[in-house]
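Read the structure below first, then the notes.
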Amino acid sequence: MIISIKLHATRAEIDAVCDRIREFGYKVHSIEGEERVVIGAVGVGDVTACLESLEAMPQVEKAVRISAPYKFVSREFRPGRSQIRANGVEIGGDEFVVMAGPCSVESEKQILDTADIVARHGAKFLRGGAFKPRTSPYDFQGMELEGLKLLRRAKERTGLGIITEVMSDGDVEMVAEYADILQIGARNMQNFALLKSLGKANRPVMLKRGLSSTVKELLMSAEYIVAHGNQNIILCERGIRTFETATRNTCDITSIAVLNELSHLPVILDPSHATGKRSLVPALSRAAVAIGADGLIVEVHPQPEKALSDGAQSLNPGQFASMMRELEPYVALWSKARTAEMAAV
Amino acid sequence: MIISIKLHATRAEIDAVCDRIREFGYKVHSIEGEERVVIGAVGVGDVTACLESLEAMPQVEKAVRISAPYKFVSREFRPGRSQIRANGVEIGGDEFVVMAGPCSVESEKQILDTADIVARHGAKFLRGGAFKPRTSPYDFQGMELEGLKLLRRAKERTGLGIITEVMSDGDVEMVAEYADILQIGARNMQNFALLKSLGKANRPVMLKRGLSSTVKELLMSAEYIVAHGNQNIILCERGIRTFETATRNTCDITSIAVLNELSHLPVILDPSHATGKRSLVPALSRAAVAIGADGLIVEVHPQPEKALSDGAQSLNPGQFASMMRELEPYVALWSKARTAEMAAV
Amino acid sequence: MIISIKLHATRAEIDAVCDRIREFGYKVHSIEGEERVVIGAVGVGDVTACLESLEAMPQVEKAVRISAPYKFVSREFRPGRSQIRANGVEIGGDEFVVMAGPCSVESEKQILDTADIVARHGAKFLRGGAFKPRTSPYDFQGMELEGLKLLRRAKERTGLGIITEVMSDGDVEMVAEYADILQIGARNMQNFALLKSLGKANRPVMLKRGLSSTVKELLMSAEYIVAHGNQNIILCERGIRTFETATRNTCDITSIAVLNELSHLPVILDPSHATGKRSLVPALSRAAVAIGADGLIVEVHPQPEKALSDGAQSLNPGQFASMMRELEPYVALWSKARTAEMAAV
Amino acid sequence: MIISIKLHATRAEIDAVCDRIREFGYKVHSIEGEERVVIGAVGVGDVTACLESLEAMPQVEKAVRISAPYKFVSREFRPGRSQIRANGVEIGGDEFVVMAGPCSVESEKQILDTADIVARHGAKFLRGGAFKPRTSPYDFQGMELEGLKLLRRAKERTGLGIITEVMSDGDVEMVAEYADILQIGARNMQNFALLKSLGKANRPVMLKRGLSSTVKELLMSAEYIVAHGNQNIILCERGIRTFETATRNTCDITSIAVLNELSHLPVILDPSHATGKRSLVPALSRAAVAIGADGLIVEVHPQPEKALSDGAQSLNPGQFASMMRELEPYVALWSKARTAEMAAV
């Protein structure tokens, strides 16, 4: 920690800060500048508690931690890349993985048709919500258990893995029975009760970045899950909220490269929520491949204009097929780079 | 709804839009401009589903709803102000209500001391977290049930009402046994499983605005609770996330006036989280009174520099006393205006 | 400066950083932590150049300055409050100063009528744009020199001081002939060519905070003007750009209290641009008085629905009169507090 | 325009709105809903003035324009892509164009060395600031005219085109003597005096998106330049300001695809300012090629750690060479797609 002291602090006030730091088990290094005193605290202790305590002292101007607040999810803890395995597919390895499907499971026909289509064009996982987080209480809230059963049927038919959202710690066990990957939505990224319960779940988790969450907070939420017992986490960029209204969200695509520097966990992009607009999805998907994402999760619906939710951002079957074809040469470049990287380690 | 059609759409494409609108039970009014066709849809139906469907049609440029997406929480539904009653105190009426206490319940002595102090200086509710939403899994997570019991003891001793946070739908019943008001934190404003369970709770709810939630979304989350059976809701502005880092959050103080125009629900301000800095709390509290908030929820700690969380933004006893004194003439102006308003209705 | 070194840096890499710091004339204090080395640089030198140089070294993780980047505008440089005098009125002293008038000067009748109205109800300055920054090239761009002459006529008639915007360094001299205070708009807060030319102007400057500028950047822009020769600066909060669309901008009202802690310069609020909506202006103006602003700049138009710009946020004469009356008891509390503060110094 | 009327408006109030609309030369189409009246205004007139006037009427809830506020820069006005030609190179055609060089011109040796390096590895333009917009008045402000002369020398030596920033309308003529492309920085995107003067300049303009400007506002600023006489505009995404601090700015990469839908103007990306961090530049540059940008503008410095500005985000010669090599296969895919698109028209 580095603690800067306010101008004109007295010697006694500075000493009180040093004493406080020592109480928390740190060694004190004091730097007396021309204008101001800055103190370095070195050692091992409860950083947060110490910082909180120091910041509450009126003579302290600022107290900043130097080490990262997360550990298990960091590249420093584990230098390579983690591979997460689900339904026989490896995410974070040498395969670029596409997950696709409707926003919501709406009917048997709709989900089976979609499963057929996305499987045929190269997806490895079927997405589809059974429990839907909707801004309005009057909107379609999902088919719940019935939806989960339909997802299972789609899996039996196509062999696709299933990724679906869980919204409450009370539902984790039930959803885990049907899902190969548990999806945590943006609005639940800091639902800590839910994060804790995922630690005990026997399933990989795909954790979406919150609408206004920083990259660091995303990693802290992943750290929650690891600290509670589950290391199998896939991160997902899905756009953040900014002042720009031309797109539903603002895709912070650079965060994928940042996460690759900071963490060993795989990162995928959701170009559907990041744009909110079907016509922009293929271009953004190309960019995701090029920047080094580990995969995509894309909304596809047999008839988007009949969708109960997210129709405007869902690709229809023809558009999905054409996008997958168009991505091929980019994925080839991706594979070449990834193979070289994994050989180099 | 107003639907604008893309330039160069064919007659058949426009007709398809009109047919779709009629399928949802609306009447169609078409406006043919110099350049572009705009369609008005009039009637009663499932607005969201219709909008989603229209937006998914490629010939549609934009589809916008005109009516507000919430109903029960709006001023149009209920023209006056709602009063919410808890532990014999009315929020939203002619009394400016202060809730105060530590971020977390830390020990019996700490919470009882704080209760004594805030009661003495005019607070009507004791705040204090037993379940703590913390960004890091390694930080203090609250005393849980033990903390709730200490809050009850503080209530027995001082008569203060208790407001405390509930973080999971599974805990609502337990927390409701101890709390007079259930607090929903900013990170859970769109935890829809939790919102639904609050509809069944037999306690008023204080709903904090999410870090990146709009005023409209805050009202939609309140609408969730009402739609599931509980009308007793207090809204709380606590600052939003912006690019500015001089304060912990950016207090959108105007939202209080906006909410007063749009809704009948009471609105209070949390100046502690809105600023993150103790020295700014009194000034912002004065502004909250002046703009017409119904109350404040303020962090107070007997020894902020020993607090396990939020020490930097907690007032010490002397500062709280002096702030309450300083607020008096502003509250007197507030009361005069409120009494006049209530008499006029 | 505090420089943290990346994990696993070699001794030679660390030494290279220390050497670089010394080249800029600073002394080096090295703190060797359990995991990481942190270096403090103490002394007087070209901080920015040194920071830039260090940040470009690959072994450096972060380099942070401790001292504020501004000097002349800081409270540390000048502990009290500055008073800025224009047309015989003091801003930043013991009088709460209201500036009012239309967005744009539109005609002789319009500006003279407005001047009469705002003078009658207590304004001390007449605002009105002759050069208008408009998002669209097709919108009304102002009456330019003709507008300035009409403002002078309004001053002759009412005695009000004139505040009007200057948009280009080439126009400063001309506008200064007619204006008592030169207004710099939000979009020009970092127009450095303009800021430099204001240093030479013989008129006080009102500097509006940029739409996405931090408080620190606002102070840096003020520092530009001072560094180029003009100390007479009034700061103005006018709302920042965020994701919230219920208001035209988000008023960061706390910034007024923050600026009062950091700087000796007066700060006023523009509630018209901060809200964009006439009905919210009086409530926000009360809050500005309560939080300790030095004044207001408010849009008033004899017939807002005929205004060529900003009609929706302009008060009509009756509304302005009623707001000024309503503010009176708040201004009385303000005066009492200010007088006490100035006596205490 | 679509105008929605407030609930409970009287017939007379609605009629007044209709009359006002007709005064501006529009025809009125009234839609009477169950709850609310909505009015469509059709025709040709001064949209902005009419909107402003309507929004100022208290019975109007919202007035929205349907047509885009820009014309000349839109795809609707000109369906294909514009090619901008400078120093014999075409931007927006079938060549992916790289502009590279230091943040600032610092010395003859520095700029000539950089020019040699970037020319050798495939750049077509040399960037380098002679006039520098710096947040602090105490930072290096550029070599000004001397810097422009050094840029000319670099051009004579290497044949590279020159792109350099102009910060004031008073300097446009001088800078245009030395520059092949005039760069407008993010902080000047809405410096309307400067935009107007560019209309008269005999040089293409590269217009950077403002830190908090929407895509629509960027297009409006381009429209300013066209409306004042200069059609040769290149747009540039360089990251926007958000709450995220892991990168210097947040690259809104999707805006490139959005701009390609809305406008015929070429769009390039500045990955250096978008990230602020050298290590992220190559990955983001790949994404820019993949999403369909027309080029890049990248900071390169012979010795970044000696740079007077932006060292941390500047590539050194080896890194630039390696990035250009790595981009080759992506540029090949880009060329194939672009050629196909241009053949199809």
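Quick notes on this one:
Note that the chains are named A, B, C and D in the order they appear, and that numbering of residues resets to 1 at the start of each chain.
Here is the rule we use: a residue touches a chain if its C-beta (ideal position, glycine included) is under 8 Å from a C-beta of that chain, and two chains touch if they have at least 3 such contacts.
For clarity, every value in this text was computed on a predicted model and none was experimentally measured.
Shared contact partners of chain A and chain D, listed by label, are B, C. Seen from the Cα centre of chain D, the chain whose own Cα centre is farthest off is B.
Chain centres here are Cα means. That of chain A falls 27 Å from that of chain B. Averaged Cα coordinates give chain A a centre that lies 39 Å from the centre of chain C. Multi-chain contact residues, meaning those touching two or more other chains, occur in chain D at positions 212, 241-243, 245. Chain D makes touch with chain C in their complex at residues 20, 48-49, 52-57, 69-70, 133-140, 167-171, 187-188, 190-195, 211-212, 217, 220, 223-224, 227-228, 241, 278, 304-312, 314. The touching residues of chain B, when paired with chain D in their complex, are 2, 4, 7, 29, 31-36, 38, 40, 42-44, 64, 66-67, 76, 212, 241-243, 245.
On the chain A side of its complex with chain D, the touching residues are 212, 214-216, 240, 242-247, 250-258, 260-261, 274-275, 279-280, 283-284, 286-292, 329-330, 333.
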